[in-house]
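So, here's a batch of structures to check.
Shared chain: subunit A. Partners: subunit B in the first complex, subunit C in the second.
Let's turn to the complex of A and B:
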């Protein structure tokens, strides 16, 4: 073959592949993922979305046989990067739908961009009630936004019940010393404990010890906590929580400890603490580590664990939210004929996935409708996950559960009673 | 009568300004997505902050590690006024700039007594202090740890946002260039070389430094306030953050410190580099490449991309001269 023939053949091949690429582009629906690609949190949402997309594509595609393509935009958990990431998905990739595994301030950062572009967006991790308040006050602008985790207000309401029912009534604890990490998260949760949980449950906050996230030796901090004379420690830790947890165990601190411990939400917690994580309890959105799963959620976990070998080995709650939420978003798109604003929003509001276990409602993926009032708090939660904060939890999933790790490396749910798999307890070295 | 070098500079400025203003049209003709304009908008704001930093640190030699403190004051002041108190943006932004300049005087006080690494550390403390304060003091106003979302935006769409950002950047750049062309600019540069000699020549270095700090704070305040109204949100982690500080400094250094065009080149180069890497390296790997390229460039030519550009031009001229 001459050089000219080769050149001609190459040009034909290039043109053909370009036409094929254009054709396949037209047959594609683009989903954007926004979140951190290097955190367990972000990866849980991303992987949940990936599995849902694979299943939808394998079932013949969506919207008349189109293939779903996933595009990722990393936020690095930075609010400014979050804005850039949203702009990239909206204007460079021109995605049809966005699924988010962003943390609070990152979501708040890109939210004005969502208002501008009006791209249907589902948040699976952030639970900030302020975002739902935006829908209450300015529904038309914020209506493409959905949050399928219970908002923090609902989470706090049930958590206060735990304080009354378990910490005060069952354990007889009346005073607390708070160990708070010096972060934005620490400050926010401290407010919840000191201003809501403690006063309502009748617990006295005797001291708050703020520690730096780089702390490696917690012995003096635990000594101060003991010296405070409080009945128990309330730990607030999101960064390197495994360090403070393992030292609590190794030092055999003679006081009970509960709280919010982000490391304990993941299956890797036991490994990360070197097997020294027993007795630690934390609140967690559902489904969590130790939470008994319904058959559908269990099948998702099985697929997840067969597909991914790197951490997080077990999806965090937002992985489940992404998996079910993405499928609901496409079911709504099928009804609405695409992700066009108003009709898709109405169709999404109509989605209702009830997951049963042993014949009773276990989890529910549905949304509060605009104007619909939640009985206990007497307020509206438009486009928020339809949670239930009143026993017997037969209208929705609980807004949260409390889980506890045992000294043998197992974990179970200790509150509320319906989902309980074990009793709340104190470690073996703490005297009753 | 305008001198020849000045006339040449003005012509270059005119070409640069026209080129920047025509960019959206050129992008549209080439079929580029609007996402490219969004990237350029972020680059414009970074360029403003880098120019502001360079006006203090590049000119007078007082290395500031707390510049986000000034940017943050501007952003938070206008955000609080407009979002919490419904003050119209046409008032909230000028007030924010004035408040930032007052913040600039606080910034200036340590410069009366200390220099070098001590000054850098004190300014870093300003930033850290502000990071803590906005979370603790009146979170009902500042939005606490989560910041404020839903701040009034001045423009909608990439094209309008670009014209606003690029106009701001160009006006600021031109004004700073004009200041530096005066004797004050020469005196400021002399401070970086030998402050004692400047004092010895009868000039008040205190007044000169105060002037530099005020101008720098004014620019930071303008940039911060307009950025808040472009993004529509602010958060303490986005503004009073060490990464933000390094981005500003790296942009100024990579582009070419002690120049006006240098920080702009650096800001555009780094912002575009990071965003263009995104489709191929969506995760944190982008930052390794970004850091690697920045390091190599800095090692090759510490005076930055601006100096590299002139090296290339000089080589080209020499070669052409040799040929003729």
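Let's turn to the complex of A and C:
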């Protein structure tokens, strides 16, 4: 072949490739996952999203038959890596929508990038009320952001009821020693307990013991807790919670203990504590460990367990959030003609999925609209999951439930009464 | 007071075992083995896999962990340290990189979630507000048995005396007929075995995680710096100083200040007495 022929053939090949690439690009919609690819939290969201995407693609695609393509960016649960991950999704992958399984600190890290890129983003685990406050004060810049887990303020408000109804009225506990990790999370929850839960419930805070998250020997700490003379321990732990939990059990600390224990939120808690996790209770978003499932949620779990054999073997609550949330995001995109920070936002606000069990509302996936005031707190929660913090919980899912692990490895919901599957109790080694 | 005494003794014994394996390498091989903490991690995960996942008898799990630790120590020496002989900076960097690589491998195989080991021995005793587990007592006693056994080995056996000779003067030892390479290899094997045993006890006391190699390494370095390079007795004494001060700080002051005293002690010793409290003479 002559040089000219070679050149012509090369040009044709190049043009064909470019056309094919352009055509392929036009046939897909890109969704970015941001979160840890090695944590149960991150994997729950990722897998929930994967299942939703498979179902949508199997049903013929979205936005005129396009295929959804999922790309992932690993944060390693590090805020700096989270920022890089968001930039990668935005600039290199040019995704249309981002679904996040990030923890609070990581979300706070990439949030300014979301404001900069204006990419519709759904956060399935982070619950920091400060982000919702941003939407209240600067709506136009933050409106592509949605959070489909009840904000921590909502979690806390319902938890105060648990303090009064169960800890005081049922258990007769009048004094508490707070055992908290030395983190921003620990400080925030401490404020809730010391300034809201305890005073409202009539519980005296006799002492606060702060420990470093790197603590590996809790024996002296539990000794101090016992020496305080309090009726029970309130634990606030989000980092390595299984360590303090298991030592509580192994040391058979003769005091009841409840609180916020992030490790206890997942089914793997029993395995991770080596079976030393009984008696531990914690608040949890829904659906939680031990939560009775409605048929739709059960079907999702069945699909999940048939598809994935590695941990987490049961999706954490954020996996459900990702599954339903991603489908809602695409339903909104269908209505709005695509993802953007205007019509898509309005369409997403209109999404409302009610899941019923035995004929009554059990879970609800919807969002608080700007300007809508929650009757109990008398404030707004724009773009936050539409939670309900007032019995009979017929306007939304409860913002949280309290779960308790039993000494045989089973777990159940102990509060609120509507969702209760067992009574709250104390470990067998604690004298009443 | 009782709480401080008991919990201090239990913790100090474990710290002593953690540090003594590090002391050996530093004294005999003149190497800052920054992968030492990995021996603990390897031991802990071996015990987890054998005793907890495969449900083999716990004693078998402990012994296997020690064997794996010993082999790991030997491989480190043969494949990494010996080829880089003499270049201490390269060895330190290489051992640190090795630690990071192995951590990634552990995450790949076991995941990054923290795990809790079953107790080696079940049971707990309550003394007022103080809870003491049989497992922690066993870990402390086990640590002492190993430490005393090592001391006897160093003082009474031929290879032990050879290790002492090499720690004092490698060239002089070689002239006297000691084979430094064999002694170094034996030291790394023993250090790896001790580290693995310490890892089993440490993990059963606290937790098992891919990052668990860091804290023991810091403890070991702190004890060796403060105690003085080359002194097992110094290591034991300083381990107790640090162990008790951590318990005292947690009990009487604030739990979050637990590690602060150790850091202050290191700085003070480096400034006032750089050779350590017990200097460097022999093992």
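Assume the second predicted complex is superposed on the first by the 410 of 432 C-alpha atoms of A that agree within 3 Å, B and C clash if a C-alpha of one lies under 4 Å from a C-alpha of the other, contacts with A are read in each partner's own complex, and residues count from 1 in each chain.
Following the convention adopted for this analysis, contacts are C-beta pairs under 8 Å (C-beta built on N, C-alpha and C of every residue); 3 or more make two chains touch, one makes a residue touch a chain.
Bear in mind the structure is a predicted one, so any value in this text is a computation, not a measurement.
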Clash or fit: how do subunit B and subunit C relate after the overlay on subunit A? fit
Quick check on the superposed pair: does A:427 touch subunit B, subunit C, both, or neither? Answer first, second, both or neither. neither
Mind working out whether A:275 is in touch with subunit B, subunit C, both or neither, as first, second, both or neither? second
Taking the superposition as given, does A:223 touch the first partner, subunit B, the second, subunit C, both, or neither? second
Please work out whether A:396 is in contact with subunit B alone, subunit C alone, both, or neither, and reply first, second, both or neither. neither
For the combined three-chain view, what is the angle at the C-alpha centre of subunit A formed with the C-alpha centres of subunit B and subunit C, to the nearest 10°? 60
With both complexes overlaid on chain A, does A:87 touch subunit B (first), subunit C (second), both or neither? first
Once the structures are superposed on A, label A:38 by its partner contacts, choosing first (subunit B), second (subunit C), both or neither. both
When the two structures are overlaid on chain A, which partner does A:128 contact: first (subunit B), second (subunit C), both, or neither? first
Between subunit B (first) and subunit C (second), which, if any, makes contact with A:79: first, second, both or neither? first
Min C-alpha distance, subunit B to subunit C, superposed, in Å, is 6
What residues on subunit A does subunit C touch that subunit B touches too? 38
Flag every residue of subunit A that touches subunit C in the complex, lowest number first. 38-40, 182, 209-212, 214-217, 219-224, 226-227, 240, 242-243, 246, 250-254, 263, 268, 271-276, 311
Residues of subunit B defined as touching subunit A within the complex: 33-39, 42, 135-136, 144-151, 153, 156-158, 231-233, 235-238, 241, 243-244, 275, 278-279, 282-284, 286-287
Would you pull the subunit C residues touching subunit A in the complex into a rising list? 3-4, 7, 10-11, 52, 107, 111-119, 124, 126, 129-133, 135-136, 202, 205-207, 209, 215, 246-247, 250-251, 254-256, 258-259
Applying the document's contact rule, which stretches of subunit A touch subunit B when the two form their complex? 37-38, 72-74, 76, 78-80, 83-84, 87-88, 90-94, 104-105, 108-113, 115-116, 128, 130-131, 134, 138, 184-185, 187-188
